[in-house]
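Encoded as structure tokens, the structure appears first; notes follow it.
Note that the chains are named A, B, C and D in the order they appear, and that numbering of residues resets to 1 at the start of each chain.
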Amino acid sequence: MFYRESGQFKTSYQSDQAVFPIRQDLWCVVAFFLFALVVIPYFGTEYFFQAIMIPVLIFSLAAIGLNLLTGYCGQLSLGTGGFMAVGAVACYKLTTGFPELPFIITLLLSGLITAGVGLLFGIPSLRIKGFYLAVATLAAQFFLSWLFNKVAWFQNYTPSGTITMPPREVLGYAVTGPNADAMHRYIFCLLFVIVLAMAAKNLVRGPIGRSWMAIRDMDIAAELIGFRPFQTKLLAFSVSSFYVGIAGAMALSLWLGSVETAEAFDINVSFQVLFMIIIGGLGSMMGSFVGAAFIILAPIALTNVMVSWLGMQAVTAKHFEFIFFGGMIIFFLVVEPHGIARIWQLVKEKLRIWPLPY
Amino acid sequence: MVSANLDSVDNISHTEDTFPKLLLKHARERGSEPAFRQKRLGIWQTLTWQQAKDTAEKLSFGLANMGLERGDKVAIIGQNTSMMYLSMLATQSLGGVPVPIFSDASNEEFQLLLAHAEIKGAICQDQEQIDKVESVKESIKSLEFLVFEQPRGMRGYTQNYIYSIDGLIEAGVSAKGDRKNNFEDEVMAGKGDDLSTIIYTPGTTAQPKGVMLSYRALILAGLKSAKHEGINAHENVLAYLPIAWIGDHLISYAQHNTLGFTINCPESPDTLLTDLKDISPSYFLAPPRILEQVHAEITGRIAGAARLKQSLYNSFMKLANRVGDRITSGKNVGPFDRFAYLLGKFMIYGPIKNTLGFNKIKVAFNAGDPINSRIFNFYRALGINLKPLYLQAESSGYVCLHQQNEVRSNSVGQAASDVELRINEDGEIEYRSAGIFSGYYKDKKATNSVLIDDGWFKSGDAGELSENGSLRLIGRADEVGSTTSGVKVSPQYIENQLRFCDFIGNAVVFGAGRAFVSALITIDNEKVNGYLEKSDENIPADEEISQQDIVANLLEREINSINTIFSDDPDNSGLKIEKFIIIPGQFSSLNGEFTQMGKLRRVFVTEKYKKLIDAIYGGNDIVDAKASKNFGVKAAIKIRRL
Amino acid sequence: MEFINLVLIGPILEIAEYPAFFLEVVFGGLMSGVMYSLVALGFVLIFKASGVFNFAQGVFALFAALTLVGLMTGTMPFSLDKVLPELPAWAAIIATFIVMVGLAIAVERIVLRPLVNQDHIIMFMSTIGLAFVLEGLGDTIWGSEVKALDVGIPTGNFMIGEIQIQIFDLWAAGVAAFLVVVLAVFFQSTRTGRALRAVADDHQAALSVGIPLKNIWIIVWSVAGLVALVAGIMWGSKSGVQFSLSLIALKALPVLILGGFTSVPGAIVGGLIIGVGEKVAEVYWGPLVNGAIENWFAYVVALVFLLFRPQGLFGDKIIERV
Amino acid sequence: MSIAEKNTSEAILTVENITLSFGAVRAIRDVSFNINKSEIRAIIGPNGAGKTSMLNVINGFYHPQEGKISFRGEVRKQMRPHEAAAGGIARTFQNVALFKGMSTLDNIMTGRNLKMNKWNVSLVPSMFYYGPTQKEEIKHRQHVEEIISFLEIEAIRKTPVGRLPYGLQKRVELGRALAAEPDLLLLDEPMAGMNLEEKEDMCRFILDVNDEFGTTIALIEHDMGVVMDLSDRVVVLDHGEKIADGSPDEVKNDQKVIDAYLGVSS
């Protein structure tokens, strides 16, 4: 109904292959971004940034990572938490080990290190598929959190076993450490995540994305037309881990500041991120953001409703939260396996041809 | 720069009085502006005026190399591609005469036309047309060379007189040296009064007539109507109609070259609708056929929509039908209605126009045949400035134009500036104007019979002038008449009414000089079958649906409603369809009932269905079995009375 | 050299030195292995018959145990006060089994039927959701604090030579073995059982056997429920009924990889291997890396194994077609 | 050119004494035949004759226990499918094996993967996209568009293949195979489940491919009429063994063949 796309003809492949070929869509996205960049910082409170915006952004990045692997390449992973832990620890060791290293470089390096680890745990995909692989990734989860828990070197031998992010600056603004302003951390997260998200989008709309989807949709046919399944999957594993790792690093440095790795990135985190992409939408960038927002915001909303209004005990509320999430997953898988993103897409289709039915 | 010479359109300067000259002018003055857009390989590939000129130039070298002389005829056969239009320019730049031919014409027609036009060469779009020309080549002595644009499937063709466009150009460019004139000189040698093209009117009679049009006629006609409608160099036009039709030639060629706006050529026939939506033209020409189809499409889809949507659509369309036309033609409307219409524009009209690609239309013409008023109003109501255009090849389409604030479906407007218009004593329209053709090719007799004293042209159409001077078309002069009981009958008008009824596919009406009015009718299979399924009437597969009484009853209801319309209308006092026959199958241009532009070939039909017609007026109730057999019906065809 | 000594020689010597202790460790391993086998069995049953990899199997066990305790202590659902009559163990067990059957039916209705013909991965993820639901449900209904469970399995221990043996463990092993036999019989020689095996191959076949798919699924999930119940009882009475019980599912996964998703004997053998393997590793090599390696050791064993035999111990070779 | 080359009967692919078995099951028994450059070679036979297995052997998906295959002169025994693809063998599948999640365009683009410049489409450039990757994409998009207009599927360019009718899906699959510019094109029942009109189109395309690009084609087909019209030579398999080989007419009148088919029908 709002679309007036007729007359937007394409005179070049560049414009035809643009991410948002329809002008109206482009405007919406840009507007949304500017809102997040300009308006929110004005009205956001410390709590709002710390409890909502920053975690949403960081988990969006993790979700994008997992989506690349599971949504686009069709390889289910339950090890996301473990890989976030790798990223976090890597970031910690790098910052403490090389104080001179610029923060952004540190983040990227943490990502690369995680990518390496991911590559390692991707190797079983050479021989095994589906559930077998999912289980293999669980191994990663358990092994890694055990490793970081037991081997004191990863915590610089701190008795508490927690790792704490020292202060770092970007362009003169403190973004990590106890006295980093929440708003600055938020803006940094926003820009960093957006850039990485664009890179991811570029990947999936290009040849690499097609190779992943080919493997996902029909691996045998893919191999018969010349894709190398093993390389393709491994690439997916490492790129995915790269994103997840950076998310972990950001979670430590820009959000929590100080964590007990095994706790902060346990298997439930893996499930959480998995839920994000299921509810948000498998194989959709936008879905990764929506899903993250949903999974982060829903419990906050729920607790508010049940504890503050209905006066339940927090623990009971926690149980309901479990039921709620489980229910949501089943609901979405039954009703729309492709999640909110697909629902939005359908609505959009309807709007484009409104009032005609087809 | 175009408007500059609009005020003095009668004496166009000798530097702008042929299309090739205009091409040079555009290339010179606005070389980087788009001349053509062609959807090819998935995108709209643009050809600027400069590039257009260069291509035409090279092409002309090629043609010259084929030994094309001034006055030689070249057939142009194919879909709307920039190359086809450029071929015309190239031909004209050498003083040759392009003769566009309907690409889906039958081999006989090809033989007839190509021979009649004495073409020297044929430029075809693809293998299919090459084959057609090949099949009749023997009988055409003058034909020396064939050129094809699409190499697909041409690999096997080894004949030395068949060239690919590229091959043609190559040969021409390399042979460039040994030619006396360069491109510009050749072009400048052309005159405004030279023969520009020959448009064959797909004779509603058997014998084709080649309408000879001069550059001056076409250019003037184009400029004057453009001036009136405010058409300028920035229009966007979709070229999708047969290039051999005067309508397309006028807009996609004459006006295109005169005004210098952009022509967009669709990717393939079956992507037409999406391409239309892509481009969203600002200036649009369509025969009724197309407008009817689109309207049917929309209403059909809406019928399948959710209830909410339907009711929204219906209520807003009701409003639109009340005030839409007034708003479109800039008359004053109450503030509330105006607001409601705005709302509707956002909710319904806008979106629908968007999906059709009609939301940028400045002016749209319905040409060829009169259009049914209800369909016409549908478009006006949506806010599309649709106007009926009185379009005859012989007039270059320049006879009548509408005043912005009074557009009606049953009128083609008032005499355009510098056009004299009159109705002669037998009710036939006569006019003279700058756009008049210079005669029928190789047919003095026919020419003299229509081009009478000092430039008046007998149009062959019957019409009426209303008191404010606006012209109402009634039909072909030789078709309209009155029954023996003196009732005036315009078959075309009645057929238009019938064709719009549900369940009726097509209709031919008889009555002039006969006892009463009757009709041959074909059913709209889709609608009828749909109805039969709903009413779970099961008709055995081997039975001919069109002959079932239940179907007949359906049609009877429809036709009665038409009859009541007539009886309410003072113009049609006493008019009533009294009998009809449902004939199996459909009319089509392949079987010869239609011309390629969807005009009825009345003479042909009357011949083909003579037995049936005689039966009707013979007063019996059924057609004798033997005759029926010929039309593939087992039982005798029934004659239905009303 | 020093390292070799530490990693290889040391532990071996230790084993050689106290063989009895080693046997005891192995025995303990076998016992927990039995438990793993039990849970793994649940997985295999469901996977064979409905192609669904039921991630919620562990939570099934927890849920069963919770329900059992609740019934035996006469707890009122949703409120933790004990007002209902306390049921005797046998009655409670039967009642719980009925509950599990009800659960199976519900699952078939709400989850499986809508998802039939869906991609296996989708089904798998739906069971993750199911796990969450049941976990929350169990806790809300019966409360989440640790509960003791005693269905009257004798405890205590006796010595054979120098090896100390838990009577409870023997019982556990016995019950497990019994259950396995019963299932084997059920699958091999009852009509329904054969039908179930048929479904594993293809759903059409199942229909031709004459049992509608939905019934088959209900049956299978009920059986899986029964297995879960037994596992729940054993594990619960051993170490209390609590959330961690659901984690034995994660333990069972490597067992599956080892034994193959579709093989009942595989599940059992695999279970025992893993059980023993991780105990031994923990006791003799754990200390070197300050402990708690049993969380992942099993997985690593399974993975290494996979690389050489993707279809598992008893799984059959996969022929890919186009 | 194609005409000329057909006359010079130079084999592009030769299979010699191929035997393939799964465990106890013998899928192919000691089969030998060759495919000449630029010819259309039909492989026919009753169900379960081992036709598809034969294609799978040819493009390296199955590895025969015995026998050898020489493709364009070079002999090979074991070869991974993607190596075969790289070597210039493309194929379509008996039951359409398109990538359901992608559009027609993307599906055909995947066929170009081997033709793309490895560096331009490697990870880092792809992340930036604009620059080398985009150039590469556009270059190949053009080629793909030519295939699209060749197969006359402009109208469904952006439609997800999942939504397409079966006949069109088959056409898209052919497009995907063509995108690889193969020397040898294997078609596994290209007309299965098509209506008459679709079959005629497909026949036209197959002939055009063979004629325009001089592509060698090996096809499995049940519709005898089609086989007779299309193919230059026919090899007949039955229960994994070759029972006839020759021109369509020879094969049609071969007693063994008739029996084999009667055996199936009865």
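To be clear about the criterion, a residue touches a chain if its C-beta (ideal position, glycine included) is under 8 Å from a C-beta of that chain, and two chains touch if they have at least 3 such contacts.
Just so you know, these numbers come straight off a predicted model, no measurement behind them.
Excluding chain C while holding all other chains in their positions yields a single touching group, one piece.
Per-pair counts of C-beta contacts peak for the chains A-C. Legend note: the chain whose CA centroid lies nearest the centroid of all displayed protein CA atoms is D. Comparing the CA-atom centres of all chains against that of chain A, the greatest distance is found for B. Chain C and chain D, compared by their mean Cα positions, are separated by 48 Å. The centroid of the Cα atoms in chain A and the matching centroid in chain D are 41 Å apart.
Centre-to-centre spacing of chain A and chain B amounts to 58 Å, using the average Cα coordinate of each chain.
Look at where the CA atoms of chain B average out and do the same for chain C: the two points lie 78 Å apart. Across the assembly, chain A contributes 13, 220-221, 224 as residues in contact with two or more other chains.
Among the residues of chain B, those touching two or more other chains are numbered 42. Counting only residues that touch two or more partner chains, chain D has 61, 93, 97, 141-142. For chain C in complex with chain A, the touching residues are 53, 110-111, 114-115, 118-122, 124-126, 128-137, 139-140, 144, 250, 253-254, 256-257, 261, 289-293, 295-296, 299-300, 302-303, 306-307, 310, 320, 322.
Across the complex, chain C is touched by residues 74, 76, 124, 126-128, 130-132, 134-136, 138-139, 142-143, 146, 149-151, 220-221, 224, 267, 271, 274, 278, 315-316, 319-330, 333-334, 337 of chain A. Across the complex, chain D meets chain B through its residues 105, 141-142, 145-146, 148-150, 152, 154-155, 157, 208, 211-212.
Residue ranges on chain A touching chain D, taken from their complex, read 13-14, 17, 199-200, 202-203, 205-208, 210-211, 213-214, 216-218, 220-228, 235, 239, 283. Of all residues in chain B, those touching chain D in their complex are 40-42, 152-153, 155-156, 267-268, 270-271, 274.
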